[in-house]
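Multiple structures follow.
What follows is subunit A paired twice: with subunit B in the first complex and subunit C in the second.
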Partner chain A sequence: MSRDQVQSEILAILNAVLKREATPDSSRKNLPQWDSLKHVEIIFAVEDAFGVQFSEEELFELDSVENIAASIIAKHAA
Partner chain B sequence: MTSMLYELQAALFSAEVSRRDLLDIPPSERGRPVSINVWRNHAFEAILPLMAPFSAIRAWHGEFNLGAYDDTLIFNGWRPADIELLWLDSSRFALAPDFPAWLEWLRSRLSVLRAMSRAPIIVATWLPDIAMRDALAAMTDTCPATYFADLEAACTDQDIPLVDPRVAKISGSPISNRAQAHLARELACRWIPAALFPPIKAVALDLDNTLHAGIVGEDGIDGVRLTDGHVRLQNQLKNLREHGVFIALVSRNEYRDVEALFAQRLDYPLRWDDFSAIEVAWGDKADAIGRIAEHLRISTDAMLFVDDNLGELNSVALKWPQLHTLYADTDADATWRAISWWPGLWRWKVESDDTKRVQDLQANRDREALAHQTDDIGDYFRMLQARLTYRIDPSDQLSRLADLCAKTNQFNLAIRRLNQAELADRFVGKDTCVMSVQLSDRLSDSGVIALVAATRKGSDLIVEELCVSCRAMGRRLENDIVLTALGNMPIFPGCEKVVFSVQHGPRNKPALEWLTQLSGKQAAQGLHSVPATVVANFAPTDGVELTIEGIGNNEP
Partner chain C sequence: MRHELVIEGAAFRLRPVGDDDAAFILGLRNDPELGRFLHPTQGGLAGQQAWLDSYYARPGDYYFVVERRNNGAAEGVVSIYDIKAERGEWGRWILQAKSPAAIESAWLTYRCAFETLGLESVYCRTVATNRSVVSFHDSCGIGKRRILERHFDLGGEKVDAVEHEVSHLDWPTLNARLGVLATLTARRLQRD
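Take a look at the complex of A and B:
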């Protein structure tokens, strides 16, 4: 799966969960709807979509589209 | 929406539902709003959006009032609701040292909630061991309209871990992602509909490419295939029948071919006699569904129709918009999953009277034959050994009576749909009375078939709820059932008028016609009174044995 495909799926998840148009630059800092409760929904949906599971530490670190994409690509490469 | 639902069936009724798949389903706020108070000590927010695609199946959507996290359950911010949901993380309570004390505390909190609310209460939690779960289930059984949704058991059945230690800190709830999606489906397809909506009473199925693979008219009796999935599907349908759900066959085929199929294919778990109604012909399936509903004495909105032909499903749905329709997958296991998750089919409890329904209908054929042997109604009832048993404020029948209120559509005069809590109040009230009626004869025991709930106001007896099960209709005993019940209520003596509360519903014409005939005037919406002498002077039908139980037994 290419980086673009990964990013596109992450954006689709963000749009569906947050009911807002997210961009590749979106993060918890610049998207106020991305609060802690929505964060869980996003991460769970990402785990479902890519068949991965994040560690407890990662759950806190995955706070942007870019970080989530990087983590998925790293997991798929491993 | 119906066509869209067929497309969504694979995602909604998959073996394990996925949050990601559910997110792709467009949100729907179609249908009836259901208000739900959520009293919780852990997060519910992540489950909430997952319920919406499932609730849309039966055209309702949840309007949630989420309480603040509160381990003490003080129910702050209560407002009237259709459902009270206690969403509890039991690990936050110190259960081990004295579980009975915790259980007693929970009982006292449920009593407080019950004093505020008449709505069904669902206690959704998990407990460390089976003995504790059994104790909680036993406790909730003693509380009217209160149900224990065992989250652990629900997940274990599906081999899904309930708790995920990673997520508690970040999500405010230890419930795993997989469990959240599964529990959303349990809540929206089973637990809430079973507490709130009239149930599905019959499943009508097509034959070809539904109950087997292939077409009997083309492949022949030995050519149609019974896959392992079809064996499981047929066995599950047989099991449903044993739990009181009618199974009906509706097929475009030659009748003699289908009859021969079931006679010759002994590998079919379903037998010809297992179908409570059979419609095999080349005519219109929508008409056939109407005849099945009439034969089973149920309305079409209490029926689920399963067919592999989308055109048939659509044309039948066009004629019967309230009918539940489901697409039969080529994978019979998928078909069964969809049936089993269909909202309204699952029950909190299967009453013994439920299981009598199928047998009772079969006995009707013999009753009709008996009726042709004599013109004298007294002789008929004597040959039948018909017996009506009336019980006053029967607390041990509470669950069955609430079921009757929820399920009865045709002979239901007020359509109040009193629930267990509301009925229990009337058992103990000084000026109120609930009378149950049981019907049996030598052919079958129909069980509790009617209830009449009334309140005394001055010299009036107000009939607040009057339900007679469809299984007792057409037995020429309606007056005996209702008037004898009213006349034997301890609050009846001294009444001058009997005032029936009347609501015109979509399907309660039989009840309205009965009242119109009784009173000699049109049963208009609102209050409809008849002189008390109509009840007091009623002479029971000759040949029917009447037993009144529990007079003066108006105990809490």
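Take a look at the complex of A and C:
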């Protein structure tokens, strides 16, 4: 799966959970609707979509589209 | 007030605040990031202890530590207070950065309000510019929401609050939503 495909799937999840259009630059800092409740919903959906599991420590590092994509690609490469 | 309420959840519990928690609470409130929307605690540890002494004497005020069930580690605090005519406020909600207790501690607070204290309704007032917390309450699905203009005095400046209110009639729906997410989060924490 290419980085663009991963990013596209992540954006689709964000759009569905947040009910607004996210961009590749979206993060918890610039999108206040990405609150701690929505974050949990997003991470659960990402885990299901990509067949990965994140640790508790990773949860809070996954605070942007870019970081989520990088983590998924790293897990698939491992 | 001094109380003995303990509300058990899947990964966290609420337990009464005590004297030994003064330094922990002070650390949370004086954290520059966590305390951005709070009144600073005056007088250091002695000031925090004096505040707790006044709290112990105040009826209708339930102050809790949010702690992990598996090891008793404290991760935050939350309160239910100003209870009048079966309506109360919840607040003083502060969690350590990176704590995964947000959903479960909110769920346990509502459980305490509706199932333990038997309140008719409970409301929460958030500084309007604290957008991530305002959004959290919106994301819970709370429909009753209003702006209280110039409600808080923050550093000498009057700022607006957003009030979210939940009635006991709304509780079953909110209970289901938060309960599912809290349980799924707890499973993840137990997996690690």
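Here is the rule we go by: the second predicted complex is superposed on the first by the 78 of 78 C-alpha atoms of A that agree within 3 Å, B and C clash if a C-alpha of one lies under 4 Å from a C-alpha of the other, contacts with A are read in each partner's own complex, and residues count from 1 in each chain.
One rule holds in what follows: a residue touches a chain if its C-beta (ideal position, glycine included) is under 8 Å from a C-beta of that chain, and two chains touch if they have at least 3 such contacts.
Everything numeric here is computed off the predicted structure, so don't read it as measured data.
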**OP:** Name the contact category of A:44: first (subunit B only), second (subunit C only), both, or neither.
**Re:** both
**OP:** Go through the superposed model and pick first if A:2 touches only subunit B, second if only subunit C, both, or neither.
**Re:** neither
Original post:
Can A:33 be said to touch subunit B (first), subunit C (second), both, or neither?
Top reply: second
Original post:
If you stack the two complexes on chain A, which partner ends up touching A:55: first (subunit B), second (subunit C), both, or neither?
Top reply: both
Original post:
Which partner does A:16 contact after superposing on A: first (subunit B), second (subunit C), both, neither?
Top reply: first
Subject >> Intersection of subunit A interface sets (partners subunit B, subunit C) >> reply: 36-37, 40-41, 44, 55-56, 59-60
**OP:** State the interface residues of subunit C toward subunit A in the complex, per the touch definition above.
**Re:** 97-98, 100, 102-103, 131-136, 138-140, 181, 184-185, 188-189, 191-192
Subject >> Residues of subunit A that touch subunit B when the two form their complex >> reply: 13, 16-17, 36-37, 39-41, 43-45, 47-49, 54-56, 59-60
Original post:
How about subunit B: which of its residues touch subunit A in the complex?
Top reply: 18-21, 23-24, 43, 45-46, 49, 165-167, 169-172, 177, 180
Subject >> Footprint of subunit C on subunit A - complex, ascending >> reply: 28, 32-38, 40-41, 44, 53, 55-56, 59-60
